[in-house]
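Right, I'll just put the structure down here and ask away after.
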Amino acid sequence: MNLFGKWRGHSASRPGSGQNARATIGAPPRWSMPGLGLFKGLVVTARNMMQSYYRKDRMTTVQYPEERVTISPNFRNFPFLCYDGDDPVAGLRCTACSICEKECPPQCIYIVLDRDENGKSLKRPKLFDIDISVCMNCGICAEVCPFDSIYMDGQYEMSTTDRFGGLLLGLDRLAKSADYHLKLRPLEASEVAARRKAEEAKKLAAQAAKEAKAKTDKEAKAKAAAETQTAATGKGETA
Amino acid sequence: MTPLALLLTVSSLLFTCGLFAVLTRRNAILILVGLELMLNAANINFIAFWRYGPPDPDLTGPLLVLFSIAIAAAEAAVGLAIILMVFRHTRSTDLNRLNSLHG
Amino acid sequence: MIPLIPLLILSPLILLAALGAVWNARPVHAALLLALALALTAGLYLTIGADFIGLVQFMVYVGAVAVLIVFSLLITRPGDEAEELARRPGAAVSGLACVLPVATVLLYAVSHTPDLSSGASESPTLPLQTLGKALFTDYAPAVLAVGVLLTAVMVGAVLFARDPDKKPPTPPGP
Amino acid sequence: MSLLAMSTAESSLWSPEWLPRLPQRLVEMLLRNCHAPDWLVTLAGYAVAAGTVVAVFLTAFALLSLIERKTLARIQNRLGPNRAGWFGILQPVADGIKMLTKEDIVPAKAEWFLHLMAPILIVVPSMLALGVIPYGREWVPVSLDLGLLFFFAVGTLTEVAVFMAGWASGSKFPMLGAMRAISQMVSYELPLIISALGVIMVTGSLSLPAIVEHQGTYHLGFIPAWNVFTPWGLTATLVFFIASIAEANRCPFDLPEGESEIVAGHMTEYSGFKYALFFMGEYLGLFAISGLFITLFLGGWQAPLPGLTFVPSWLWFFAKLVAVIFTHLWIRGTFPRVRMDQLMRFAWLCMIPMALLTIPAAGIWVFTGGGLKGWLVIMPLLLIPWLILTTIHNRRLAPQTRTYTFADS
C-alpha cells in the first residue's frame, strides 16, 4: 500500500539531501515491502512526539510575552535620534539639515528648523516627526545622516490603540541617548563614538592650531609693527 | 379504510406520479427519477401484502422486494452510465435532441 | 386504528415528496425530493415491521441511487430552467391525459381489493434467519442471477463511463 | 423492551458497570414511583439514555478538538494551544464562544433552506449512529437486532447532506468539494461495508452486542478472541480502518476539504454556528466509526486479558476508543494528502478486492474451525493477492525518475 512510494532516483540525484542521503544514494531497491514506507513515516513522527517531551533542543517555540529571544545587533526597525550627554534637547546631534527628509522614500520624516528671533538658524530641529505607519524601515535616513544622528532602532513593540497620534513619533519619543545606542549595537556605536571623539579632538586641535596661529600672527604683526616703529624712530633719530 | 387499502392507494398514486414524470420530463436523468418512483410503488405493494395479507411464512413479498431493490440499483447504475455516455456525445441529456442515429 | 396513525402521517408526506420530484422545475430539487420520498418509504417499512427491508431500502436508495442521480445531474449540467417552465402547461395537459386513465384503473382496482387483513397477524416481524435461509436455499438461483447481473453492471458501467478518447493515465511525473 | 427488563434488576444498581446508565435508571425509578404509565417510563428512559450518549460525546468532541491540536503540535515539535486556561484546557470553550458569536452568513446565491438543512443533516446521522454502539456490558443505548445495518444505513445520509451543503452554497469551491466528497464516500463505503461482512458471517448476527459477545473468549487463556487476531480479521481490520479514515474525511484522505486547493470544500460558504456544526458532525462521525471499528474488530468492551475483567467494561471501550482516535491523529500528523486519482485507484483496485477476499477467507475460517489450520489455509489466500496488488500499485504510482537539467551542476 505504498501510496506515497519511494521516489526512485529522486533522492539519489540530489547529493547530500538531509540525513537520509546516504541511505538513498546508490541503486534503489527493486522491491520493498509494501507499507514499509508508511510505517517508517509513522516511526519518525512518533519519535518527534516522544522526544518533544524531554528534549529541550527540539522545542524551538519561545513563549513570547514572558520570554523573548535576544535580538541580533543587525536587527533594525524604525529610526531614532541620538543625543550625547544627558540632555535630549541640548545634546541632540541632529542639525536639522533635512537630508534624511529629502532622501526618505515614503517621505515619512517631517523636520522644522529652529530659528531665533532674528530668523537665524539655531542648527537644531524645532520639530522632528516620523510617521511609523508610513515608514518602511529601509534605513536610508541612517545611511545618509552626516551627523551620526539618526539610527535604526531595535524596538519592535510599537502597537497602540491610537492609530494616528500613537504612530506619529515626535522628538520626545525619538530622542534616545548615545548610551542606548551603545547598548543596542555596541560595535557600531563604539566605532561611531571613537570616530566622533577623534573628530572632536581634531577639531579641537585645529582650533587650537588656529588660535595658536592667530596668536603667532598677532605676535608677529605686533612685532613687525614694533619693528617698523623702532625703525621709524631710529630713522627719525638718525635723520 | 384498512391499512392495506391505504398502502395500495399510496402505491398506485406513487406509480402514477412516476409515470407522469416519465411521460413529461425531457431530461433523461429525471426520467430515471420517475422510473425509481414506479419501482418503489411496486415495492410498497409487496410489503403491504406481506404485512396485511394472509400469513406468509415463506416471506415471498420481502424477498421479492430485496431482489427488486438490487435490480433497481443496477438499473440506475447502468442507466446513468448510458446517460453520461450520451451526454459526452451530444453535450445534452435532453432526450428530444437524440433524434439522429449518426451522432 | 392505532397502527394506522403513522401510515396516515407518512403516506401524504411520501406523495407530496413524490409530486415534488415529478413536478419541480429544478432538476437538483427534484432529485433531492426523490431521495426524501424514498427515505420516507423506508420509514414506512420500518413502522409496519419490515425493519430489514426498510434499512436496505434506505441504504440502497438514499445512499446509492439518489446520490448517483444527484451526482450525474451535477456532471451533466441540466438544461435551462426557463425553457422547462415554458413547456410546462402543454406537458402537464398531455401527461395528465395519459396518466389519469391509468390512475383511475389502479384506484378502481384498489377499491375492489377484498380486505385480506382478517387473516393477518397483529404485528408480524421479519424473521431474518428465515429470510437468509430462503435466500440461500430456495432462492439461490435468483441470488446467483442477481450477483451475475451486478457484476455485469459494474463492468458495464466502468466500460461505459470510461472516456474513449483518453489515453491511459501516465504515471505522474513530479 | 429489553431496556425495561434490565432496569428492573435493582440488585446491581450501584455497581460501576451500571454507572453510565445511572441517570436513566434514576429517572425511570422516579417516574415509576410517581405511577407514571409504562410507555412514559420507557420513553423517558430512552430520552435520558440518548441524552447521556450525546453529553458524553459532545464533551469528548470538545476535548478532542483540543487534544488533536496538542498532539499535532507535539508531532511537529510545537507546543500547541496553551493560553486559554491551564494547558489550554479552556481552548474549546474559547473556540465555541468565537464560533457562536460570529456572523451567520448566507450567500446571496445560496438556497437558504438547503443551506440551513445541510449542517443539521450532517450531525443527525452521526448522533443516530452513536446510539446503537454497545459501550459496555450493560450500556447499550438502543439495542437493535439490525444495529450494523442501521449504522450503515444512517451513515449514507451524510453523503446527501454533503451534497446539499455543496450545492446549496451556490459557488464553485463548495461544489467541487462536494463532488470530491461524494465520489470519495461512495467509493470507500463499499470496502467499509464489505469488510464488515466477514464479521457478520462469523457471528451470524447483525446485532452489535451479539458481535461483541462473540469475541468474549480467550485462546490459550490469554489471547483475546477478537476478530483482529484472525487472518481474515486482520485484513478486514486494515481495510475497514483505512476506509473509515476516508469516510470520516480525515487526512490523508481529506480531499473534500483540502485547504490548500479548494478552501474548505463543501464548508466554504458556511460560518459561525453552522460551520461549528459541520465540525461537530465530522468529529461525532469519527467517534461513531471508531466505535464501530472497535465493536467489530477490537472486541468492543471486552477486556484484553481475562484477569482484567474487574475494570468496568465501558472503561475498556473508551480506552480502546482513545487508542483508535490517537492512531487517527498520528496518521494525520504523518501522511500528506493523496491526489484524487490516487485515492480512486486505491479504493477500486486495492481496497475493494482485498475486502472481497475477506469474505471467502472468513468462510474458510469458519469451515476449518480456525486455529493453525485456518491460518495456514487463509494466509496465502490473502497475502499473495495483497503483494501482487500493492506491487502493481507501487510500480504504477511511483513517480518517474527526475532529470534535472540545470540543478545538478
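Note that the chains are named A, B, C and D in the order they appear, and that numbering of residues resets to 1 at the start of each chain.
By our rule, contacts are C-beta pairs under 8 Å (C-beta built on N, C-alpha and C of every residue); 3 or more make two chains touch, one makes a residue touch a chain.
The shown structure was predicted, so the numbers you read here are calculated from the model rather than taken from an experiment.
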Chain centre separation in whole Å, for subunit D relative to subunit B (CA means): 33
CA centroid of subunit A to CA centroid of subunit C, Å: 77
Cα-centroid distance, subunit C relative to subunit D, in whole angstrom: 28
Where subunit A and subunit D are represented by their mean Cα positions, the distance between them in whole Å: 58
Multi-chain contact residues (two or more partners), subunit C: 52, 56, 64, 68, 174
Per-residue overlap in subunit D, given as positions that touch at least 2 other chains: 397-399, 402
Subunit B residues counted as touching two or more neighbouring chains: none
Contact graph of the chains (line, ring, star, complete, other): line
Chain pairs that touch, as defined at the top of this document: A-D, B-C, C-D
Of subunit A, residues touching subunit D in the complex: 1-10, 13-14, 31-32, 34-35, 38, 41-42, 44-46, 48-49, 52-53, 58-61, 63
Sites on subunit D touched by subunit C in the complex: 114, 145-146, 149-150, 152-157, 159-160, 163-164, 167, 175, 178-179, 182-183, 186, 189, 206, 339, 341, 396-400, 402
Touch list for subunit C against partner subunit D, complex: 28, 32, 35, 42, 51-52, 55-56, 58-59, 62-64, 66-68, 70-71, 74, 128, 169, 171-174
Residues of subunit C touching subunit B in the complex: 3-4, 7-8, 11, 14-15, 18-19, 21-22, 27, 30-31, 34, 37-38, 41, 44-45, 48-50, 52-53, 56-57, 60-61, 64-65, 68-69, 72-73, 75-76, 78-79, 84, 91-92, 94-96, 98-99, 102-103, 106-107, 109-111, 113, 115-117, 119-121, 124, 126-127, 130-131, 134-135, 138-139, 142, 146, 149-150, 153-154, 156-157, 160-161, 163
Residue ranges of subunit D in contact with subunit A within the complex: 71, 74-79, 242, 252, 330-331, 333-336, 338, 342, 346, 350, 386-387, 390-391, 393-394, 397-399, 401-404, 408
